[in-house]
């Protein structure tokens, strides 16, 4: 069993807020991250899958295949987008790094099983100081 | 003469567009960067000043002073903001990295002269692949 | 269950030595790290906690809260300090990265339980080539 | 139990290909990585070992010892080499990152047991976007 | 006048050697870098151009244009290649970082003039410890 | 004329203080950097030299030679040292990054002239946020 990790990047706008709350309540909990005019990040996404090494190729999975799935299913839908308003699979969520990671997991996880590999971890780096990891449960 | 550089970071939303142009024209020139719902970046700002070393302190300038000026004059006004709509000293500009660097230069340059130092360079890193430098002319 | 990691940095002096040993013995085991006049590092501290995502906020824990605890309990007591002589919670230890990580774990671990989250890992990066991780047992 | 990680780097040439396959088949599966005239990388190797902290030294293992083993057993045999043709312990393998990690694990694993520590992970970073981890089974 | 820098990466094989010299002489001067079976690197290329800011676009040059030129003229011809044997515009050169930078300059410099911008610097980072910069004379 | 840069690292203790001043005055000017029990950094040193490319070797200077000079003349004398008390060529200086850079320049500059190259820049990175550059006048 070997773990293989692909890094992809995307730039996006977001804000942290809860529509049920007043602006004051949002500001108290989320601080400047609740700015109604948005802010944004250079997000880094690490997708780790695991599986046995195919003796024919030396690969757990061809990185071109892995990258293609991540780009088509995730990056093309979120890069240079507003994560709060323009991404179908994040609709209705508070756009925290935690929820971004879980939403991406839910998109990617069923895509890897047909390839005989398993999604192991989705990691989101929001800034050089803050990151989250989700392992699926 | 020694050059001293302070790194600061800010996260902000922006879009590239020219109000005189149609959406199609903006899309043709600026691509996905013209998304009307915004996107954003973790910008890195490098401010380089130059001056002689003060023999009393060993400093060109006290880094606490340098950082305080940059934070008060620039970072507090742009961090977690929408650069197109919420920053007084960028009003009316196309929010390219080039124009961000020039706008920050214009804010900072007069602040350093009273300290006996000179602004040398404002560098903006927008992504790991793209950066600009402005030397004041 | 999501894992969230906060990065903080501190600069400190230390030396590796065992008071029971002669200078020669310390030099033999610890090499130049035993220099009696000290040396130092830009340490990087990664604190990872885990917990369920709060559906009200989208957070495992508010990063402002997490960072405040780490800064007040750890960083303010060790930044720009001599780890061998000036830090109460490291008194009597050999100031290896291993022992720094364990000492920080012991300070932080009881602070997170009242918040409904659990400390998962303390990672200390001493140089770009050397790091340690402690998971609490 | 503490985990300690040593980073080492090596520069090497390789190509991905399967001798049983035609050039066309190799090109189809491995793409430009199958170039018969080779290409190469600045590989980064992370070796993580685990063990209890020795109360005499504060160390899981002396980093000088750890680095010496990795350099003598691995780095000196692969740095500035052609991994396909010049490395005894990689002979006959498809030189994927997966197989490089496993081959290095097999060399290092028996060396650590006499020191009372255990190899935990071999990580190979091939490019800033691609890495693999092997935990021994 | 603003300076704008684009980062691109390429992975390639090379060796340092002078065909007029014996193997011993090549080994004496170039060390392990003269290995006849090649080695390789993840090279990083920084291309800096300078020019006035176009008031219509806020750009010195559209980064899509800049990147396209660098990729078509340089990266596609050297990525995953053997720099000694497979690159027309490096034929007959000793493949040092110095000569790589000069060769890339000579390819790129005439391409930027028609765009009203000027090539300022070609920087090649061979390893994290070694880099060269060429400014055209 | 090509510029070539070598990166070296060293870990050292220092404090900022002026012996003529009281502890209060030192604290007022230098803040926590004046801690009498020292603190320290992982310093990064970049040495840039310039010269013509030797057509025989493709080198401005052999990097092994460049690195050997920097290590013997500088790194071995400052790595794991107390810069205030243990380094001959920094005696009597306030150990600011500015003065460290100038002191290293003065040591290195005469060493390169006999090789037909010229020292161009000494850069000291003290933390990820602070750095200085000295060009010799």
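Letters A, B, C, D, E and F mark the chains as written, and numbering starts fresh at 1 in each.
We adopt the following convention: a contact is a pair of C-beta atoms (placed from the backbone, for glycine too) under 8 Å apart; a residue touches a chain by one contact, two chains touch by 3 or more.
Model, not experiment: these values are computed from the prediction.
Peer 1: Among the remaining chains, which ones contact both chain B and chain C?
Peer 2: Per touch definition, common to chain B and chain C: A, F.
Peer 1: How much rotation, in degrees rounded to the nearest 5, is required to superimpose chain A onto chain B on the basis of Cα coordinates?
Peer 2: Rotation angle between the two copies comes out at 180 degrees.
Peer 1: With centres defined as the mean of C-alpha atoms, identify the chain lying farthest from chain C.
Peer 2: Here the answer is chain E, farthest from chain C.
Peer 1: Could you check which of C-F, A-C or A-B has the same interface as A-D, with more than half of the contact pairs identical by residue number?
Peer 2: Of the listed pairs C-F, A-C or A-B, the one copying the A-D interface is A-C.
Peer 1: Same or different for chain D and chain E, where same means more than half of the interface numbers show up on both copies?
Peer 2: same
Peer 1: Using mean CA coordinates as chain centres, what's the gap between chain C and chain D in Å?
Peer 2: 29
Peer 1: How many angstrom lie between the CA centroids of chain D and chain F, rounded to a whole number?
Peer 2: Here the centre of chain F sits 34 Å away from the centre of chain D.
Peer 1: Could you tell me the distance, in whole angstrom, between the mean C-alpha positions of chain A and chain F?
Peer 2: A distance of 42 Å separates the two centres.
Peer 1: Touching at least two other chains at once: which residues of chain F meet that condition?
Peer 2: 128
Peer 1: Please list each pair of chains that are touching.
Peer 2: The set of touching chain pairs is A-B, A-C, A-D, B-E, B-F, C-D, C-F, D-E, E-F.
Peer 1: Could you pull out which chain E residues touch chain F in their complex?
Peer 2: Contact set of chain E toward chain F: 16, 18, 29-31, 93-99, 101-102, 128-135, 137.
Peer 1: For a test of understanding, state which residues of chain A touch chain D in their complex under the given definition.
Peer 2: 1-8, 53, 56-60, 62-64, 67
Peer 1: Which bits of chain C are touching chain F when the two form their complex?
Peer 2: For chain C paired with chain F, touching residues are 9, 11-14, 32-33, 35, 37-42, 79-82, 85-86, 127-128.
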